[in-house]
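Accompanying notes for the structure given below.
Which chain is which? They are A, B, C and D, in the order written, and residues in each are numbered from 1.
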Amino acid sequence: MRLLLPGLTALLLVSTAQAQDLTAEVAHSWTSGGEAAAVKVIVDAFTARGGKWVDWSVAGFESANAAYISRLLAGDPPTAKTAVAGPEVTELIAQGLMNDVDAAFHAAVPAGVVPQVVLNAITVDGKVYMAPTGMHAGNWMFYSKPVFEKAGIAEAPKTWDEFFAAMDKIKAAGLTPIAWGGQSWQEGIVFHGVVLSTIGDAAFTKLYTDKDLSVIDTPEFTKAVETFGKLRDYVDPGAPGRNWNDATAMVIKDEAGVQLLSDFIKGEFSTAGEVAGTDYGCALVPGSDSLITLADAFSFPKTGNADEDAAQALLAEVVLDPKVQAEFSVIKGSVPIRTDIDTSGFDVCAQEAIGLVKADKIVLDAAMTLSPAINGGFKDAVGAYFADPSMSVESFIEQYKAAFANG
Amino acid sequence: MVDQPAARIPASSPARTRATGRLRLPVAALAALTPAWLIILLVYLGTTIWTVQLSLTNSRMLPSSEFVGLAQYERLFGTARWTISIQNLLTFGVVYVVGALVVGFLLAVAVDRHVRFESMWRTVFLYPYALSFIVTGLMWQWLMNPEIGIQATMRAAGWTWFTFDWTTKSSMAIYAVALAGIWQSAGLVMVLMLAGLRGIDADLWRATRIEGIPLWRTYISIVLPQLGPSIATAFMLLTMGAVRTFDLVVALTNGGPGQSTEVPAKFIMDSLFARQDLGLATAGATVMLATVMAVTIPILYARDIWARRRAGTI
Amino acid sequence: MPVPVSLRSVDIGYGATAVVKNLNLEIAAGEFLVLLGPSGCGKSTLLNAIAGLTDLAKGEVWIGERNVTWADPKDRGIGMVFQSYALYPNMNVEKNLSFGLTVAGVPKDEIVRRVARASAILQLDPYLKRRPSELSGGQRQRVAIGRALVRDVDIFLFDEPLSNLDAKLRTELRVEIKKLHHELASTMIYVTHDQVEAMTLANRIAIMRDGVIQQLATPREIYQRPANLFVAGFIGSPAMNLLKGTLLGSDGGSLFRSSLGEFDLPGKAFPAEPREVVAGLRPEQIIVGAGSGLAEIEATISVIDAMGPETVIWCRARENLLSARVAGDFPGQVDEGITLGLDLANASFFDQDTGQRLP
Amino acid sequence: MRDPFPQSANGPRPDKVTPARLGLYAFLVIAALFFLLPAYVMLVTSFKSMEEIRSAQIFSLPHLFDWSAWIKAWSSACAGVNCTGVSAGFWNSVKITIPATVLSVLLGAVTGYALSFWRPPGGKILFAAITIGGFIPLQIFLFPMVRATAMLGLYNSLAGIVLVHVVFGLPLTTLLFRNYYASIPVELFKAARVDGAGFWRIFVSLMLPLSLPMLIVAGLMQMTGIWNDFLLGLVFAGRDNLPMTVQLNNIVTTTTGQREYNVHMAATVLTALVPLVAYFVSGRWFVRGITAGSVKG
């Protein structure tokens, strides 16, 4: 197949579509309003090209994984499953449980339009195994324009010094500086944002992609940990355990100044009728000029059924279609994986992100490069550290480092 | 504990009414126990063996057969979160079980005092048992959140000294989880206790009135000792629930602040599904299972001996 | 000091659910009064009212000189023994006896003294350290009696105390209760549905039905002169023989006309106008064999119940089945024809309509 | 203190509102407030618009009662691409719950009966194993059970999920019934034996009718557990038989998606309606059931 011309492959797929039953049972966890609407884009395109979509959606990563792995063990996997493009798929690939979609990928995507780091993440032994839908960036700072105005902050802080000065002003204005979601997975995202801004792209990749632990021992990393710890002073007492959307509501209600988190929270602003750039602003975490990206992708278990193999190829083709990519990301609030698409529908935040992707200013989120067990260890350490101001930087670093031993 | 050994005198058991003893046991009795035996041997024992075996491998997302010795156990006990989880479970277990028993008993006594609208009260106290915790956990999260919950409301009403911020304090969060747990389970305990109360001989109540024994004394000295079976059943159910506690924590605090409300079952669940660390999860499960057996078997054994000794004196 | 008990115009329960209506009962100091009746007749309710365990709807309860209508049970100076024993299952015998006293704050040496006395009277010494579950029914009931005894009360209430025991124990314990009454001379009120217990224990029996006392009298009076058909039928085993007939009175003596014939009743004066009546004859008031000088009828033996010291024979005379008490060595056979003498001079007569005894 | 012996006392004791009685009701009211607080917040939230939820206080009553969240939760809330609300899985839940409850209760009854009265060899070991089984977190069983049901050809089927529930219900039901039968006088059982009744005859004609109350109690507890189960249903039932809790989970659980709290509340209450109704209807039985199981002495 790889020897065939890409266009021919596409033709072939379309022509066989008539003869085959292109039913795909798709497992995903995108169940909430905006997410589901984004999935709908793929479903419609898939159906339009002769596929039949059978939805198997399970909310919650744990439950979805439990059900999915169970089906793998029972020898009855779904046709496709969404996942973070990273180790949770590569382990299954190594076990020989997954089909590649190399032909479909190269048929659909011209060379050079997918960032190399992402391409590396979805390729195993020279073959592409996943079809990415888009990327989320974790190192965003969203802020309430009215609050900034009230506190007398002219523009989004560019450095951590500026940031803390701004936060002090908000505090002085009697508002909550940071709308903090006190759950360890959120805190983990913020921490990595702080780390990237402090140690830089190269060291970040060295640590989280190449697992070079010497980075942790650098003074820059210690500095990052200290900066992260300083955030505690700008958080309200109700923060522990708070859901991200409750934190977002604080910014929407102009009770809090900023929220540091991924771009997926934009949906909450739009639902509340707020417009990016007008009611709220977005900027990268102070001191950063690169995105920490996390790509979601479809992966394709071996089903032993030729029809399903064809359906998998068709699904990959649909997902990678430039139009689908754009529409999907606009709704979901993510950044398309392809750089060659029409960006007119995106909001100012996404536009900025797309610009960074085009300029190749991206690093991979640890979830794409390290096992879930290591990432879990990170969250444990970060959550414990943020909750306990008496925890020393050293003992945090020790615990954080120990997480690498998980896999 | 749960059964009443005193009521079971071996000599009266049909299997031993004759010198030939167990020979009289009909085939039907063995046949009837076959499903239970099959479930125990194939599922429970089978799973246990599977679990122990996997805990000795390097399994990640999927079961693997690569033997790594006790490496997973080393990792397990090297993980701060696991040790914290065990401590948390002990605190939670004691507060939750004792709290639910006490509250359940008090509710049962109150409902039993010939109050009006008895069935209404009973239903009010029992309904949490029917609700799944995915969302009721959120309710408690709100109620105990100092910024929007009870504390905020009380302070807005003028009681500015009022403080109720357990979920946000590492030192208190586990008690918040226990409180929500008691909220959910006390109704069940109440029903079990109420049943025990209703089973007490009506003449006994009259006798205490004739003797002029104050009500509180009657409950403490005469009624409570008779509720043994109810208490034992409730205790067992609560303990099982405490050891398995998982979704309560997830819904309420998700283990936080920090790791102050992490529990072993959640550790295992996270390792199993979210962290795809099957080896570590099964090691944790094995440790839990071993602990439960180490506690349960001596109790069951001691009780059996005690029951036989007692039976011998009659 | 034995004290009297007095119930004055007592109603228990309201309206349709009234269990007892306008009941008056005077119980003398030191008397052994038995409340007897079928289940549901209100006898236990009445006892509970005396104990203060049931509220009155109307009326008063007096114990001695005190109106205790509103008093708590513990203040009435009563002890009570229950059918189910109501022992505290988690305490041993000694503790069962002393618990109430301990709670009441009785001095320790006094408790010891009283428990020892009760234990001696009821022969409980070997069992003091045992729990109720380790005792037989009879022993349990003795403990229950002991629990009332230690309270040093003036009045003992028994609520069917022997009903849960087997026949032999019942007889034994009955004798003990009688002895106890003799020794203590306390007022005792005893509820039962067993006429043998009532007859053997009571100074007086109050027979109740539907919340109303049918007759209050000594056992002998109740047996020999039942106040109405209900009492006549309830007391005695086998039951009184009842013969329907017409009574024609005159000054010198009356005439009883029934399906078995017409019989003169010399010496019995009844009003002259004819009355539809029921004549009641105890089995021992029917004599077997001719020549007794009584009103004689012919009958056929249909059943012979030999009981050892005596035998009861059931005889058919026309449509009537009559029982007669004869000697244990009665030689007759079933289906044999015999002559029966009816002792109508000592018989009871009841009005067929009201069921009341004719004087 | 009032004079216990007023000379004029007549009829019922005058009703007096004692401090103890007041305290009793005060306790009940306070306890009820504690128990109802989350339900109150849940209900008022379900009637608010999302805008109001974001802006208003959690205890405040909704400005205007808005039923739309309930309608949405029942019939149109989306879970993924399917927008069917929680109503979709309702009949599946019924189809799973009824046989699973009946079978697991019967199995518990038979096992408890055999263990209590017949004392078979190894019975104590079996009971100890069942007791310990009650402590194992269910989720550990997941993968082995998947393999087992797949081997039996029951994976992704109604029979499979029912079997799984029966297996996991064994500790609870056996515990309840063994306890219950231990309180039934052994004389009853002996009498039946003397009358020549066999194992099953005694069970069906004597023990089952006697344990009707406990059947209802165990049935209610099992029903609640099975009805509210989500993970087992998700893994074992198969796509055609997913219970309504899977739908509920898809509606209320989300990590990064938006949260419509009003719909979440309504969906939760709607899903819990069946067990709640069962409590209301059988509340009397629930209590009497366990009553009959308690022992005297």
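Keep in mind that, in the parts below, contacts are C-beta pairs under 8 Å (C-beta built on N, C-alpha and C of every residue); 3 or more make two chains touch, one makes a residue touch a chain.
Predicted, not measured: the structure shown is a model, and the values here were computed from it.
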List every chain that touches both chain A and chain D. B
Could you see whether B-D or C-D has the larger number of C-beta contact pairs? B-D
Which chain, with its centre taken as the mean C-alpha position, is closest to the global C-alpha centre? D
Going by average Cα coordinates, which chain is farthest removed from chain D? C
Between chain A and chain C, centroid-to-centroid distance (C-alpha), Å: 91
When the C-alpha atoms of chain B and chain D are each averaged to a single point, how far apart are the two points in Å? 15
Counting only Cα atoms for the centres, state how far chain C is from chain D in Å. 52
Which whole number of Å gives the spacing of the CA centres of chain A and chain B? 39
Could you pull out the residues of chain A that touch at least 2 other chains? 61, 63, 66, 69, 73
Can you list the residues of chain C that touch 2 or more other chains? 72, 75, 89, 133
Multi-partner residues of chain B (at least 2 other chains): 63, 148, 201, 269, 272-273
Chains touching one another, given as label pairs in label order: A-B, A-D, B-C, B-D, C-D
Using the touch definition from the top, list the residues of chain A that touch chain D in their complex. 25, 28, 30-36, 39-40, 43, 53-61, 63, 66-67, 69-70, 73-76, 136, 185, 243-245, 249, 252-253, 262, 264-265, 267-268, 271-272
Hey, which residues of chain C end up touching chain B in the complex? 48, 51-53, 72-75, 78-80, 82-86, 88-90, 99-100, 103-104, 133-134, 147, 151, 159
List of chain D residues in touch with chain C within their complex: 4-14, 296-297
Within the complex, which stretch of chain C touches chain D? 11, 55-60, 66-72, 75, 89, 132-133
List of chain D residues in touch with chain B within their complex: 20, 24-25, 27-28, 31-32, 34-39, 41-42, 57-59, 107, 110-111, 113-121, 123-124, 126-145, 148, 166-167, 170-172, 174-176, 178-179, 182-183, 186, 189-190, 193, 198-200, 203, 221, 224, 228, 230, 245, 248-249, 252-253, 261, 264-265, 267-269, 271-272, 275-276, 279-280, 283-284, 286-296
